[in-house]
Amino acid sequence: MTIKSEPFVVNVGPQHPSTHGVFRLRLTLDGEKIIDADMIMGYLHRSMEKLAEERTYTQNIPFTDRTDYLAAMTGNLAYVIAVEKLMNIEVPERAQFLRTIMAELQRIASHSMAIGIFANDCGAWQTPVMHMFRDREKILDLFEMACGARLTLNYMRIGGVSRDIPDEWMPQAHKLLKELPKRFAEYEDLLLSNEIIIARSRGVGVLTPEQAIAYSVSGPMLRGSGVAWDIRKADPYAAYDKLDFEIAVGTNGDCYDRFVIRLAELRQSLYMLEQALDMMPSGPVHQRLGTSTVQPGTQPIAPLAFRPPVGEAYGRIESPRGELGYYIVSDGGPSPFRFHIRSPSFINLTPLKLMAIGSTVADAIVILGSVDIVVGEVDR
Amino acid sequence: MAIILSGEWYDLRDLANPIRELIDALGAPDAVDYVLWSLIAALAILIWLVVSVIAFIWIERRLVALMQNRKGPNRVGPAGLLQPIADAIKLLLKEAITTRDADRILFWLAPIIVFIPTIVVFAVVPFGESMVLADLNVGVLFLIAVAGIMTPAVFIAGWSSNNKYALLAAMRAIAMLISYELIQVLALLAAVLFIGSMNLQAFVSWQDEYNTWLIFILPLPVVAYVIAGAVEINRSPMDLSEAESELAAGYHTEYGGIKFGFFYQAEYMAGFAIAATVTTLFLGGWTLWGLEEWIPGWIIFLGKLYAVFFLYIWSRGTLPRLRIDQLMAFAWKFMLPLMLVNALVIAVEVVVWEETGASRNVALPAIGAVNATLAVILVIGWARVLGHGSGLQRGYRATLTREIGKIYYTGAEVS
Amino acid sequence: MDSVDLEHFLVIGAILFGIGLYMSLAKRNFVGVLIGIELMFNGVNLTFISFSRFVESAEPLNGHIFVIFVITVAAAEAAVALALAVLLYRLRDTINVDQIDLLKW
Amino acid sequence: MEDTGTVVAFWILAALTVGAALSVAAVRNLIHSVVLLIVSFAGVAGLYITLSADFIAVVQILIYIGAIAILLIFAIVLTPRAGRLNQEGFMLLPALALAVLVAGTMIFVAFDTSWAISERDGFEETATAIGDLLLDKYALPFEIASVLLLSAIIGAILLVRPEGAEEGPE
C-alpha cells in the first residue's frame, strides 16, 4: 500500500545516537522510504595527514592511534610497515609475532564492539554492547600490561615494538584464550539465529560483488559480498604467512552477512592467537636503526629523528575494517613529504548511498551499523 | 454508587469510611462525603502509582544493569536507592524549553494528555475485594477505550514539537497503536466470551470460583495481549515510536525537564496499567487460591502486577527492535487471523460447554488442553504458511575458505 | 438548576447539531466539513440517548441500538471521507471545498 | 435526576462539551480544532454516563476518539500542501443563520412539547441488553451494518489505491 507523500528531508546526525560519532547522513524520505541519501563528512577532520608532514617519522606513530581509535594497534602496524618498507628494515621474529598477536587481539576487541553496536543499531538496547565490552575489557587489560595504555596504544615502533611483554602476560593471555570460546559460543547462540536480527538485517543493504569491487570496499564489507579477499592471506605481513586460518565469506552481500563474518572472524582470530602464542620465538623485539642514531638505555626505543632515503612506500594490512594502507613519500628529510591514509572506514562508507536508497530509515541505521565505521578514521 | 463496606482492616476504603461516618454525624450533606470518599480512594491510587514509578525507575535500571553486566545506579544513597529522587529533582529544576517553532499550546498539553489514560485505567481495576474505585459493568471495554486516548496524545506530542524525528515517530505510533488496538480488543474479546461479563471484578470472582486462572485456559489471548501491551507502552521490541537508535528519542525528542518527566512517568504508569489488566483478567487478580484470606488482596495483586511488569523489563534488556513494516505485518498478517480463529474457537467451546452441561472439573481442563494445543498448532502452522524459517528468515554461519579471490556470491535475496 | 431533565440534554444536542451544521456548511477545509458532520452525529446521538433514558417506552433500549448503528455508519463514513480527501488532494492538490467546483455549471 | 453529583456533573460536562464544540468552530488551526473536537467527544461520553448509558459512553470514547478523530488527523497529515487553516468560506453568514435557526427550532420544540416522561430510574446494565437486542430483534440491521463497514473498508482502500498499483504483495 502506497500513499504518495511529499519528499521529506531528515538529517541523521551530526548529533544522533546512531552515527557512531559526528557523521551526518541527510536522508530524503518518501514516507519512511529513502529516496536519496547524502553523506556529509568532515565534522571530525583534524588534518592528520598534513600534521604528519610536519613531524618526524617516530612522532607520527601516535597519530595513527587516533585515526581508528577502536583498533589503534592496526593503525600503528600499517604505518610502521610502510616506514619499514621505505627504509628496508628487517624486523626481528619475536617482534613479528608480537605484532601479529596484538593485531589479532585488537581485531577481536574491534569486532566485538562492531557486533555489539550492530545489534544496538538493530534496537537491542545496549545489552549486546555491554556483553561485548566484557571481552574487550580483558583484551584492553592485556594491552595495558604490554604497553601501559588501553585505547591509544602507541605500541609499534619502526623496526619492532616498543617493549617486550612482561612475564605475567603469557599466562593471562592463555587464560583469556580459554575463556573466549565460551563467550563466542554464547554470542552465536544469542545473535546468529535471533529472529529479529535476521528479520532486520537479511536482504537489507545488499552490495553485489561487482559493486563492492567497483567501490573498492574492503574487509568484512567485501567478504560479505562473497569475495574471498584478505590481505593477511593475499599479501602476508608480520607473521601471518606462518599461521593457518580461513577467510570467512558471505553469500548474499547483505547486512547479515557482514555481521556473521565478524562473528566467524572472532573464531579465526582466536585460532590464530592460539597458534601464535605457541609458536612465539624468543629474541629481541626491536631492530636498532643504525649505530649513529641509537639511544642509550635498556629499552629498545626507536630514535626520535632519522632520515629515510628518498622514495615512496605503501604499507597495507588487514585492519578489522578492511584494507588499511599508509602511503608515505620521503624526500630524504626527517619528516614525510607526503603522508596519506587509505582508511577503510571512509571507502567502505561510500556505497552507503547505493545500499540505502529504497530501504527505510530503520534499515539505513542497520546498514550504517553493518559498515562499522569509525568517524575518526573517516575524517582523519 | 453504593459504598461497599468491608470489615477488613487493610481496605483502603476503610480509611475513608470512618471519615464518612464522622461527617454523617456532623450532619453534612451527602455530596461532601461522596466527594471526600472518592478523593481519598483516588489519592491512594495516585500515591501508589507515583511511589511505584519511583521504585521501578530504580528497579528497572538495576535489573537491566544486571542483564547488561554492569552495576547500574549505585552512588546516590545506599545502593543508589535515592537515584530516582535525584533524577526527579533534576527534571523538576531543569528549564522547561519550548522550541521556537513548536505549537506552544499543544506542546504543553501533550504531556498532560498522555498522563490521563494511564491514570484513569486504574479506576476500574480491582485492587482488592472492595477496592475498586468504579465497579464498571463495561470495565473491559473501558480499558480498551481509555488506552485509545494514548493515540491522539502521542500524535499531539509528535506533531506539536515540529521536529522531523518526532513527526515520523508520531506517525509510526499512530499506525502501531491502531493496529495493535485491534489485537488487544480481540484478545480481550476471547476472555469476555469465556467469562460472559465485562466487569473486571466478575473476572476475578470467576477465576476464584473455578479455582483456576484464565491464562491456563486461554494461553493465546494472553500472549497476544502482552505483545499488544508492549506496543502500547513502547517497550522493546516494539519501541519504534521512540526508537533511540533511529529517531533520537521519537515523539518526545524535543521535550526536556519536567515535560519529559511526565512522558517518562506516563510510560511506566501505562506499563503498570497493562500489567494490572493482565493480572486481573488472566492471572486471578487479587486472589491466590485462598491465600487472600490471610494476606491482604492488594499485596497479592501488586505482587502479580510487578511480576508481569518484569516481563517488560526483561524484554527491554534483551530484544532487538522490529522495523515498522515488520511490526505491522506481524499484527495484520500473523496475529489478526490467529486471534479471529481463536475467538471463533472459544465461542464454539462456550456453546458446547453450555449444551453438554459438563462439570467444571471435566470441562475446564479439556478446554484448556484444546486451547493450548490449538495455540501451538496455529502459531507454528501459520508461521510455516507465512514462510517462516525459509528463505530470508533463515539464519546461517559464514562460509569459510582458503581460496583467495574466489567469489562466493550466490545472488542476493532482497527483502 | 437543582435537577437535570430531558430538556437540558435536548438543548445540548441541538447546540451541537447547530454547530455541526454551521461548520459543515461554512468551513472551507474538507476536514472542517467532516468535523461538522461528526458534531452533528454527536448531537443526534445525545438526543437519542436522552430520549431513551427519560421518555416512556416499552423498549427503552432502542435508542441505544440506534446510536450504535449511527456510530457504525459514522465510522464507515469517516473512512470513506478520508479516502475521498486523500484522493481529492492527489487529483487537485487541495482539499479546499471552494476550489473543488468541477460539477458547477 | 436530582442527586447533587449528577447535577454538578451535568453542568460541568455540558459546559465542557458546548464550549469545546464552539471552539472547534471558532479556532483557526485545524489541528487545534481536532484536539478540541476530542474534548467535545469526551464531554459527550460523560453526558452519556450521567444518562446511565455506560456502554454507549465507552463506545463513544472508543470509536469517536480512538478511531474517527485519528482518521481526521490522518486526513490532515496526508494532505501536507493543503492549508492548515480552518476558516470559513463565503457561506459564513447563510450557514450561521441556518444553524441558529435549526438549533433554535429544535430548542423551541424541546421546551414546547410535553414529553411523556417516564418515572423509571436509569438503566442498571446496558451492555447485555444491547447485545441481546442486537443479536435478536435487530439481527438483520446488525448484519447489514457489518456489510456496510466491510464495503466502506474496501471502498476506502480502492479509492486511495494509486493508479497502476502493482498487483499482489510486493
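Order of writing sets the chain letters: A, B, C and D. Residues in each chain are counted from 1.
Methods note: a contact is a pair of C-beta atoms (placed from the backbone, for glycine too) under 8 Å apart; a residue touches a chain by one contact, two chains touch by 3 or more.
This structure is a prediction, so every number in the text was calculated from the model and none was measured.
> Could you tell me which chain lies farthest from chain C when each chain's centre is the average position of its Cα atoms?
A
> For this structure, which two chains have more C-beta pairs in contact than any other pair?
C-D
> Taking the mean of the CA coordinates per chain, how far is chain B from chain C in Å?
33
> How many angstrom lie between the CA centroids of chain B and chain D, rounded to a whole number?
28
> When the centre of a chain is set as the mean of its C-alpha atoms, what distance in Å lies between chain A and chain C?
The computed centroid separation for chain A versus chain C comes out at 65 Å.
> Quick one: chain C and chain D, Cα centre-to-centre, how many Å?
Going by mean C-alpha positions, chain C sits 6 Å from chain D.
> Would you pick out the residues of chain C that each touch at least 2 other chains?
Expected reply: 86, 90.
> Among the residues of chain A, which are close enough to touch at least two other chains?
3-4
> Taking each residue of chain D in turn, which ones touch at least two of the other chains?
55, 59, 67, 74, 78, 81, 126, 157, 160, 162
> Please name which positions on chain A make contact with chain B in the complex.
8-11, 16-18, 29, 32, 119-127, 130-131, 133-134, 188, 192-200, 202-204, 206, 208-209, 225-230, 233-234, 246-254, 256-257, 260-261, 263-264, 268, 360-363, 365
> What residues of chain D sit close enough to touch chain B in their complex?
Of all residues in chain D, those touching chain B are 3-5, 8, 29, 31-32, 35, 38, 54-55, 58-59, 61-62, 65-67, 69-70, 73-74, 77, 125-127.
> Across the complex, what residues on chain B touch chain D?
29-31, 34, 103, 105-106, 109, 136-138, 141-142, 144-146, 148-149, 151-152, 155-156, 159, 171, 174, 178, 181, 198
> What residues on chain C touch chain D, complex-wise?
1-23, 25-32, 34-36, 38-39, 42, 45-46, 49-50, 52-57, 59-62, 64-65, 67-69, 71-87, 89-90, 93-98
> Quick check on the complex: what are the chain B residues that touch chain A?
64, 67-70, 164-165, 168, 172, 236-237, 239-240, 243-248, 316-326, 392-415
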